[in-house]
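Working notes, structure below.
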C-alpha cells in the first residue's frame, strides 16, 4: 500500500493551497460575516479549472482523479468552509450524476459548461418531510405529452439560488408490492434555472458555512422536456444514493480541511501567545492537545484519500465514503472545538478564524447524511 | 587583459531631461573617496544631448575630470546608444573602477555595458571600499591589494555579500541611490572637460521612442511600501490621521494602521498591519500611537528600522522599536513634518 | 510566433532564509518557487499566445531539480520546457549565466525572449540585458505592457516617474516585472499533462558558441569575498524628550540611516 502522493498530486496540492491562501482566505471572514456568496471566487476557480477536476477532458473538464478533486475541496476548506462546499456540491452532486447516468446528449449539453464553471450545479433531494429517507418524498413529476410537470419543493439546497443546473429527485409513480404496500417510484431530472414554474423560497440563516447559498426550491407546474429525465424512470433512488456516496467524499474532504485549517491556526497562535511569561506552546496541556489533534486529523486524511481512491477503482464505495465522512466530520468538530479552547477568549471572537471554523465544522456531521446515517451504512455492511 | 593598464575611478553621471540625477553627485562623492584611497582621480562620464553645462556642477561636487559624450542620438535614454557611449569610453580610457547608479536607467545600462566589455558587475551595492582579496590571507593563494570590495544585500535583504572582481577591469558596480554621500559643494572647483564622440549610427538595436508619458503615482500597497507611517488607537480619530498622511507625503511614504484603527472605522482593512492584516517589512516603519499588541508586532517586526512614538512608556511597541520616543504624537508628528519639509526645501 | 521565456527556480525568501553552519545558504531547507518576475514574463508570453498565437518555450538553468519549475510553466500553458544543467555550469555569476543561457537559446528559434527583471535570490537584474547583448538583439527592460505590431513589438517601459512607449524590431528581449500582470494559476489537468510531457535536457555540449572560459565558477568575473547573515538588531533606544528635541532626535536618526 502506497502512502506517498505522486509529484503530480503534490503539485496540485501546492496549486490549491496557493489559490486558497491568495484568493480565498482574505475573503473568508467577510463572506461569513455578511453571508455573501463568493461569486468572484467561483469565477476565478472556474478559470483555473477547479469546477471540473474529475470531469474527462472530452467534456471540457480537467481529466483528473477523485483524489485531486478531494484535495481541492480540502485545501479550500482549510481557509473557507463555504468555498469548499460550493465546489463539492457542484462537482459531486451535479456533475457526477450527469457523467455517470446521463445520456450522450445530456453529457454533451451540460457537462462542458459545468466543467468550465460557466454554469454552477446543485442537487435537490431533501424535503421538509424527507431527508435521507427517500420514501418520504412529496415532490411529484408527471409526464404530460412531451414534458414532465414538476410540483413540490426542496429545502436546504446548497448552491441553491446561485446554481444554473439542478438535479432534482421526484416521485414519478406509486406501485403496490406483493404484500399490498405502496411504494414510491422515484426518478431523477435535470432542471435548468429560469424554467417557468421553478422559483426560490426562503434563504436559510445558518450557524456556519454562511456564505453558501442555501435555499428552498419551489416547483409549481414546472414543465421540463421529457428528455431531461436522468437515467431510467424509476431509478432515481439509486441515483440519489450513489450520488450521495460521492458527495460524502467531498464533505469528508471539507471536514478534513476545516480540521487542518484550525490546527494550523492554533499551532501559529500557541507559539506567539504568551501567558505566565512563556509561550503557551511550552505548556504540556497545549502540547498533548496538539498531538491528539494532529494524529486524528492525519487519520481522517487517510480515510478520505482511501475513499477517493475507492471511488476511482470500485463500483461500490458506500462504506469507504461513509467511514471517511463519519470520522472526518467528528474530527473536524473535535479539532475546531479544541482550537477555540486553545485560543482562549480570542478564539471565541470573530477576529480569529477558528471561531468560524468551529461553526462551519458542525454541518459536516449533518448534511449529505448525518453521522448516524453513516453509522447505519457502515454497520449495515458489517452485519449483512 | 592587462589589468595594470586600467587606472582611475569613473562614474556615470546620470541626467534626465538635462538635469543631473541625485545619484550622479552621490557617485562622484563616493568615487572621490575611492580615488583618494587608490591615489588616483575621479572622472564623471556625462552622456546626453546638449548637456555640457552640467559639467560644472559635477566639478563643484568633486569630479576631477568630466568626459562629455554629447550627441543628438543621446537625448532620451535608450539602451543601445548609451551602452555604446559607455563601452567606448571604457575601451578608450581604461578605468579600473566604473560606477553606475542602481536606478531604473542604471540597472538597464550597467548589465549591457558589462556584457559588452566583458567584465563583472555587482548590482545594487550599498557599500564600496578598497581592500584586499581574499579579505583574509589564504595560504598558497596570492592576496591582491587595492581591490574594489562591493557589498550588497541579497535574498530579499536576508543576507549580505561582499563581491570582488579580481581578474577583470573595470570593476563595475551599480550603487543604490540614497546610500552614498555627496561631497561638500565647492563652487570654485573646476574639472578638466574632455569631449569624446565614438559615433552613433542607428542599427537594429536602436529602439524607436513612440511616446513619453509622465506617470502619476498611485496609492501603493502597504506590502510594497519602502516607508510606512502607521497609526493606531492613540491617533484617536479619523481626522487625526491627516497628520500621518502629511508626514507620509513628505517622506514619499504610505499610511498603514493597526487593527484598532480599522475597528474604529478610521481606516480600511487593506491598510491593516498585523496577524489578521498584512505582514510588512519596509525600510522604515513609524509606529505612531500603536501600543504594539503581539498580533500587531507579528506583522511588522521585520521592518529594517522601527521608530515608535507613544505616550505610554510601557507600551510593548518599544520592545521592538529601534528608536522609541515617549511623547505626545499630536505635537511631535506635525513638528516632524514641518522639519522634514524645511530640510528637503533646503537641499533642493 | 515563437517566444522563449527564461525562468528561474528560487528559494522562497518570504519565509526567511536558512543557513548552513558555514554561513552559506541552505537551499535544501527552503521551499522553492518560480521567480515572481519570471512568472510575470511567462504570463505575458501566454497572453501573447492567447491573443496572437505563439509557441512558448520555457527555459531554465539550474540543478536537475529545477525541472519542477518547467513543469509548473507547462502546467500554466507553456508548450515546451528546456532544462540546462551541467556540473561545469555551477557557481556561475550573471556573466557566466547569461553566456550559458545565450548559448542554449542559440539552439532555438525565437521572435521574442522574455525574462523576469530580476530574481529574488540575487536581485541583480542583469541576466536579461546580458543575454540580449550576447545575442546581439535589442533589450527593453521593465515592460509594463507588450503589444505586437507586424514584425515589431511595442512596449511600455517603466522608469521612475515616467514610461517610454518603445518600438523594437523582433527578435528582441523584454524583461518583465511582477507588477506587469497577475499570472494565471496552473490548471489541475495542466499539471498532470506537464508530468506526462517530455522535457529537453541540455548540458555543456549542447551550448552553441560559448567558450569554456565563460562558464561556471571559473568563467565568472565576480567572486564572493564574504557572505553573511544580516546582523540582527538588539533592543533599541528609548527616549523621553520634549517635542522639539524629539523631532531633533528623529531627524538625526533618519540622517544616520540615510533615509533622508
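Order of writing sets the chain letters: A, B and C. Residues in each chain are counted from 1.
Following the convention adopted for this analysis, a contact is a pair of C-beta atoms (placed from the backbone, for glycine too) under 8 Å apart; a residue touches a chain by one contact, two chains touch by 3 or more.
Molecules present, by chain and UniProt name: A = Alkylation response protein AidB-like acyl-CoA dehydrogenase; B = Electron transfer flavoprotein alpha subunit apoprotein; C = Electron transfer flavoprotein small subunit.
Because the structure is a prediction, the values reported are computed rather than measured.
**Q** Need the most distant chain from chain A, centre defined as the mean of C-alpha atoms.
**A** If we average the C-alpha coordinates per chain, B ends up farthest from chain A.
**Q** Applying the document's contact definition, name the chain pair with more C-beta pairs in contact, B-C or A-C.
**A** Higher contact count goes to B-C.
**Q** So the centre of each chain is just the mean of its C-alpha atoms; given that, what is the distance between chain A and chain B in Å?
**A** Each chain reduced to its C-alpha mean, chain A and chain B end up 54 Å apart.
**Q** Taking each chain's centre as the mean of its CA atoms, how far is chain B from chain C in angstrom?
**A** Comparing mean C-alpha positions, chain C is 21 Å from chain B.
**Q** Find the geometric centre of each of chain A and chain C from their Cα atoms only, then give the gap between the two centres in Å, rounded to an integer.
**A** Chain A and chain C have C-alpha centres separated by 41 Å.
**Q** Please output the residues of chain B touching chain A within their complex, sorted ascending.
**A** Touch list, chain B to chain A: 259, 275-276, 294-295, 298.
**Q** Give every residue of chain C touching chain B within the complex, in rising order.
**A** It comes out as residues 11, 13-14, 16-17, 25, 93-95, 98, 120-130, 132-134, 136-142, 154, 156, 158-169, 220-230, 233, 235-244, 246-247, 249-251, 253-254, 257-260.
**Q** Can you tell me which positions in chain C touch chain A when the two form their complex?
**A** 68, 71-72, 75, 184-192, 195
**Q** In the complex formed with chain C, which residues of chain B make contact?
**A** Touching chain C: residues 76-80, 83, 103-105, 107-108, 110-112, 114-116, 118-124, 133-135, 149, 153-168, 178-179, 204-215, 227, 251, 283-284, 305-307, 309, 313, 318-328, 331-332, 335-336, 339-340, 343-344 of chain B.
**Q** Chain B touches which residues of chain A in the complex?
**A** My answer: residues 272-274, 351-352.
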